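Below is one structure. I have some questions about it.
As written, the chain order gives the labels A, B, C and D, with residue 1 at the start of each chain.
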Amino acid sequence: MLGRTSWAIPEGYIPGWSHGPEPEMESHETACLLNAGDEEAKVEITVYFDDREPAGPYELTVPPRRTKHVRFNELRDPEPIPRDADYASVIRSSVPIVVQHTRLDSRQAENAVLSTIAYPGWDGRE
Amino acid sequence: MLGRTSWAIPEGYIPGWSHGPEPEMESHETACLLNAGDEEAKVEITVYFDDREPAGPYELTVPPRRTKHVRFNELRDPEPIPRDADYASVIRSSVPIVVQHTRLDSRQAENAVLSTIAYPGWDGRE
Amino acid sequence: MLGRTSWAIPEGYIPGWSHGPEPEMESHETACLLNAGDEEAKVEITVYFDDREPAGPYELTVPPRRTKHVRFNELRDPEPIPRDADYASVIRSSVPIVVQHTRLDSRQAENAVLSTIAYPGWDGRE
Amino acid sequence: MLGRTSWAIPEGYIPGWSHGPEPEMESHETACLLNAGDEEAKVEITVYFDDREPAGPYELTVPPRRTKHVRFNELRDPEPIPRDADYASVIRSSVPIVVQHTRLDSRQAENAVLSTIAYPGWDGRE
């Protein structure tokens, strides 16, 4: 059982504009989810802000033995995430998954990218 | 209780100049704090240097269910952090939080960004 | 015994084109493996996708006291990894190793790089 | 006691050339060490390659309550680290420290940066 059932990404920011051909070069913030197990993962994402109550949960599933790279700027239900605003996220899953955070910032002529494994919460199982 | 009460960021460096429209494109170093719990977090940041005793603590709070993205170049009390100098930081909180470190470097025409989850200290609770 | 025997990298993406002199500036995704121990590491990489069953295992060895920086775009057996497609990977080793993930994206005129220590699975030994 | 006494950085690469004013814009690979404790840290760095036995140890100290940002391209004793070659490193300390890895790549006109907290080895103390 590789992974954990809760993850946190304190950094969140969707740039307000992009530069270059879309969709590859569109500015985006991504949570990469890996479900290496044999059961479907039911995932809930909660989004935190600095000036209001959290949004969500945003619900999705990751089939067994699959990865899903979720773009925050494509989340719509229950509400889109505002551009040019600070946010953070917590990701909870029904089965252990692994989460990595990546951002492509194409506001200027050349891309900038960042990435980090998200913070794995403790769920008593490791 | 997602997170830890002590965190370390050994990398710290505020570039001395920027390129592009401010404040979005101003060079900055950020500690992104997420308080996903239901109690206010009282946070103290201590800043370490290579040639003098530490500065701080810088005090701030993060309300319950909120994120705060703290720019080191905006810290003023008890003293501003010097530009173009190496530093490191330790972040302690009254309740578990999660910390991520990000830097935007806009000294040249195009941005460069980096990010990593900070190092979570052990507080006997996990 | 420094390291773990299972690692995960949820982010995977090999850009479809490059800019600049090859091979240094060719876009690539790398898993950097460090075997700091005194026994050869037999390593198996499994690659996960969003729309099909996993590929692999890709097999390789890292001699004792050596590092090996594996470019995903050079993996050929049992099959090459597609360009411009999301993937993720799990790395298992016969002895403890340490894994770091790095990407050089040279699709535009200037490079962008990202890196993170991979997620260390629990193997009951730490 | 914040930190660990052994750390690993599997990614290492010093670009062979730079672009921009030195020393700020010189390409470099850095291990940022934070000693937040009250005892001097005696540190040994061992460097691993893909085709020869390890180099080192490189010895240095970090005073109590200080940070030291070590550039691998400035290590000279017992031998300099080759340019344009893959390497990895293990950092051991007499007291707990925290280590972060950063690279500035200025081979092309604009900078690229990456950073990650290094992998913390287990030393029975956490």
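Rule of thumb we're sticking to: a residue touches a chain if its C-beta (ideal position, glycine included) is under 8 Å from a C-beta of that chain, and two chains touch if they have at least 3 such contacts.
Quick caveat: nothing in here was measured; it's all calculated off a predicted structure.
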item: Farthest-lying chain, centroid of Cα atoms versus that of chain D; value: A
item: Copy-to-copy rotation for chain A and chain C - C-alpha atoms, rounded to a multiple of 5°; value: 90
item: Homomeric contact chain A-chain B: same or different residue positions, threshold half; value: different
item: For chain C paired with chain D, centre-to-centre distance based on mean C-alpha positions, whole Å; value: 21
item: Whole-Å gap between the CA centroids of chain A and chain D; value: 30
item: Of all residues in chain B, the ones touching two or more other chains; value: 109-110, 112-117
item: Contact footprint of chain A on chain B as seen in their complex; value: 2-3, 20, 24-25, 30, 32-34, 36, 65-69, 98-100, 102, 104, 109-117, 120, 126
item: Chain C residues within the chain A interface of the complex; value: 6, 8-13, 46, 48-51, 53-54, 84, 86-88, 90, 101, 103, 105, 107-110, 112-119, 121-122
